[in-house]
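Given below, in the form of C-alpha cells, are the structures.
Each of the two complexes below includes chain A, the first together with chain B, the second together with chain C.
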Partner chain A sequence: MTETTERTFTLPDLGEGLVEATVLEWLAAPGDAIERNAPLVELETTKSAVEIPSPHGGTVARLHAAEGEVVQVGAPLVTFVVEVPAGEGGAGAQSGIVGRVPTEEEPPRRRVRLRPPEE
Partner chain B sequence: MDQVFPAGVPIRCAVEGDPAAAGGAPPVLLLHGFGSNHEMNWVRTGWPAALEGRATIAPDLRGHGGSGKPYEDDAYTPERIADDVVHVLDAVGAGRVDVVAYSMGSRNAWELALRHPDRVRRLVLAGFGPNDPFAGADLHALERDDSPFGKLYRVAGTLPGNDLEALAACARGQASRPFTPDPVPGAPILFAAGERDAVAEDVEELAERCGAGVVRIPKRDHATAVSARALKEAVLDFLAVEEPAGSGGS
Partner chain C sequence: MTGTMTEAAGAARGPAAGAVTREMSMQQAINAALRTVLEQDPDTLVFGEDVGALGGVFRVTDGLQRDFGAERVFDTPLAESAIVGMAVGLAMNGWRPIPELQFDGFAYPAVDQIVNQLARMHYRSRGAAPMPVTLRLPSFGGIQAPEHHGESLEALFAHVPGLKVCAPSDPQDAYRLLVQSVRCDDPVVYMEPKARYWERRPVDTAAGAGDMPVGRSRVLRPGRHATLVAWGAMVHRCLQAAEYAAEDGVELEVVDLRWLKPIDAEGLAASVSRTRRAVVVHEAPLTAGLGAEVGSLVTERAFGALAAPVERVAGFDVPYPAGPLEPQYLPTIDRILSAVQRTLEYERP
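Showing the complex of A and B:
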C-alpha cells in the first residue's frame, strides 16, 4: 500500500561557504513527473554554475523561486508529491549535500579498473 | 574513479565507462577551464548524466585540482598540456576521442587537435574565442590586477585546493603561446558560448574561418553557460552526427 505526501526540498549547502544561489533555469515544471536524480534545476553561485539532481522521484508540485531569484541556503526550493509506503507519510523535508541524496540506494555506475600505464 | 598517471607531472583523471572498448561512439575527453577542475567544471554542472552511455575521460589539467602544480611558467605551455592529455589517453587505452572543452581547456584542445590529429575525432570548443584572454592583465602582479583576467584569477584563488602561484605560472605559460587561428585543425569543430560571454567575443569570426558552426546560449555568460541544457543538447547533437561514408572514422 502506498499513499502520497509532500516533500519540500530546501537549497542544500553548496560548499565553499556559500550562503545563497540564483536560479538560472528550472529543468522541470509544476505537474511534471520527475525521476530521482534527473536534472532538476541549474543554479548560479558567485563562483560557478551547478546542476542539481532531483532528490525524489515523484511529481513536481510547486517551485518556490522564479528564474533569476536569489535563494538562501535552507530556504524552500521546490515541493514534490511523492509516493511513500502507507503509514510513512509526513516524514518532512529533507535536504543534503549537492549530488547526494540521504536515503535510497545509489544507482551503480559502470566503472573499470585501468591497466597500469606501461601498456 | 580517480587515477594518477605519471606524465612528467602527475595528472589526476576521472574515468567513467571503458574508454578502451572497441566499436560504438568514441570516448569523450572533457577539458576544464582556468582555475577550475574536472569536478567543478563538468561533474557539478551535470555533464556525466548528459553524456550517459559514452565513456568519459576527465583530467585535472596540470596546475589544477588533484594534479601536480609546478611553479615554472614553461611547464604550462599548450604543447605541455596537450602532451599530458595524450599520456592520459594512452594510459586509459583510448584511441580517438571526441573532445569537449571549456575556456582555457579549448585553447589546449585546439593544440591537441593540431599536434595529434589522429587522436581527435570531433572538437567542441566552448567558452572560447579568438581574442587574447589575458588582454590588459599584468601576469606578474595578478594579485592586484584589475583586468577581467585578474578578477577571474582572484575568484579562482578563493576555491579550495587552488594554488595561486601555480595558477599564475599557468597563466604566463599559456600567454607565452598566443592563440592564432592558423592553421585550423582538421577535425570537425563546434564553437559554443553564452551570448553574454566576454571571453568568447568574435567567436563567430573564428568559426567562419574554420568553416564551423557556433551555438550561442541565450542569457548566459562565461560562468553560467557550462551548465546550460541548451549547451548539452547542442554538444550531443554535434557528437551524434553520422560520419560521411569513407571519412575513415573507426
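Showing the complex of A and C:
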C-alpha cells in the first residue's frame, strides 16, 4: 500500500550559521532514479566544498538551482518523487539533514555462539 | 530511589481530539506528543534553534509553528545557555517550557544554566519556584554525524540533584514519556535516540502518559537465563542480541530502563532475581557511566540471587569517534553476547 508524492529538499545549514551556498555540480539530473544517501550535489560554502547525500530514495523531479547559482539556506534545492505508505505525509516523512539515516533493519552479524547453563 | 517522584501533574486530562492509532516514526510520535501538550495546556511553549520556521533539523517540530503560532513555537539565537536560561525565567513566571537543544554535544554550553539554575531553583526557592521544564535533547550516536552529535550525557545529568532523566526506545514510548515529562512539575532531560528516529511503529495517541509512573522500567522480552538492561537505541540492539541468543537456547530478558533518574531499582531487582545474571549495555564511555549505577543497585538489592558479577558493555573511554569508526565504538552484538557468556560460565572462586 504505497503512493507516490513529491518531497522538496531545502538547503540545510551546512555549518555554524551559514546563510547560503553555491551549487558547484549536480551529481544527479531530473528523471534519474536515486538511492537514499547516494551523492546528490556538490555545494560550496564560505567554509568548504561539501558533497550532499540524497535525503530520499526516489526519482529526481526538478532541480531548483543551476550550477554556479547561490542558494539561501531554507530555499528549495531539489524536488523528488518518492514512494510513501498510503495516506502518509507530514512530520517525519522527510529524513534529517545532519548525519545519515541508519540503514534499514539489517540485523548486524554475529560470530559469538552461546552455551546455555547447565540446569 | 523513592520519595522525590512527582506524579504526572495532569494525568487526568484526556487524549488530544481525534486521537487514533497509526503507524508513525519516532519523529512523528514526538511531534504528536508536542501537539497534544500544546493543544491541552496553554502554558506550554516550544523553542530552540530552528524548531520554528524550519521545523527542526530532524523534522520533529514540523508544522508546530504554523499550527500553534510563533508566540508559542519560536526560534532562538544559537546560544544554548540562553535557551535554558530563558526556560528557567519562563517557568518562574508560570509557563511550562519545552526547550530543545539541537544536539547532545551542544548541551555543554548550557550546563551552567542546567545545573546552577534549572536543577536547583525549586530547592533554592523553598518550593516557591517549581521548574516544570522538559529539555528535549537529541542524543546518542548511530547516524555517523559530525563531532558533538553522538554523545551520551545521561550519567552527567543523572548525577545532578533536582533533574529527572529519561530516554525512550520506540515511538509509542517516545510519545508517552514526552507527555509524562511535560506534565511533570520537575525539570526532565528527555533524551531522544537519533538512531531510532526513523523507526516506524503503531502509536496510540489516546494512550496519554499511560499508567506507568515516573521512574518505571518495562520488560520488553521475558527470559530466564540473564537480564539485558538498556535504554534509548541500545534497547533495539539488545532485542537483536536476545534473538541470536535464543538460537543457541539461551533465553535473555530485555529490560528497557526508560527512566535514568530515578532508576527503577525494584524493577531491576525483580528481573535479576528471576534470571540471576545481568548485563548492562550503554553507548556512553564505561568509566563512571550509568552502567556502574545500575550494577550497584542490582548488587544491593539482588546480591543473594546473583550467580555472576554484573557485566557492563559500553562505549570506550575515548572521545566519541568520527562516523566511520562508530560501528567499532558502539556495543556490538558480539560484545553483548560475549558478556552474556561470561555471566553464564562464571564460577565463584
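Here are some notes:
Keep this in mind: the second predicted complex is superposed on the first by the 88 of 119 C-alpha atoms of A that agree within 3 Å, B and C clash if a C-alpha of one lies under 4 Å from a C-alpha of the other, contacts with A are read in each partner's own complex, and residues count from 1 in each chain.
To be clear about the criterion, contacts are C-beta pairs under 8 Å (C-beta built on N, C-alpha and C of every residue); 3 or more make two chains touch, one makes a residue touch a chain.
Computed from a predicted structure; not experimentally measured.
Of the two partner chains placed by superposition, only chain C is touched by A:85; chain B is not.
In the superposed pair of complexes, A:74 makes contact with chain C only, with no contact to chain B. Contacts of A:62 after superposition: neither chain B nor chain C is touched. In the superposed model, A:13 lies in contact with chain C only, and not with chain B.
Of the two partner chains, chain B is the only one touched by A:47; chain C is not. In the superposed pair of complexes, A:25 makes contact with chain B only, with no contact to chain C. Taken together, the two complexes place residues 16, 98-99, 109-112, 114-115, 117 of chain A in contact with chain B and also with chain C.
Across the complex, chain A meets chain B through its residues 16, 24-25, 27, 37-39, 42, 44, 46-51, 53, 98-99, 109-112, 114-115, 117. Against chain A, the residues of chain B that register as touching in their complex are 1, 3, 5-6, 15-18, 36, 40, 43-46, 49, 87, 90-93, 155, 158-160, 220, 223-229. Residue ranges of chain C in contact with chain A, taken from their complex: 23-28, 31, 50, 53-55, 57-60, 62-63, 78, 103, 142-146, 149, 194-195, 197-198, 225, 237, 240, 243-245, 248-250, 323, 332-334, 337-338, 340-341, 344-345. On chain A, the positions that touch chain C within their shared complex are 12-13, 16-17, 74, 85, 90-102, 107-117.
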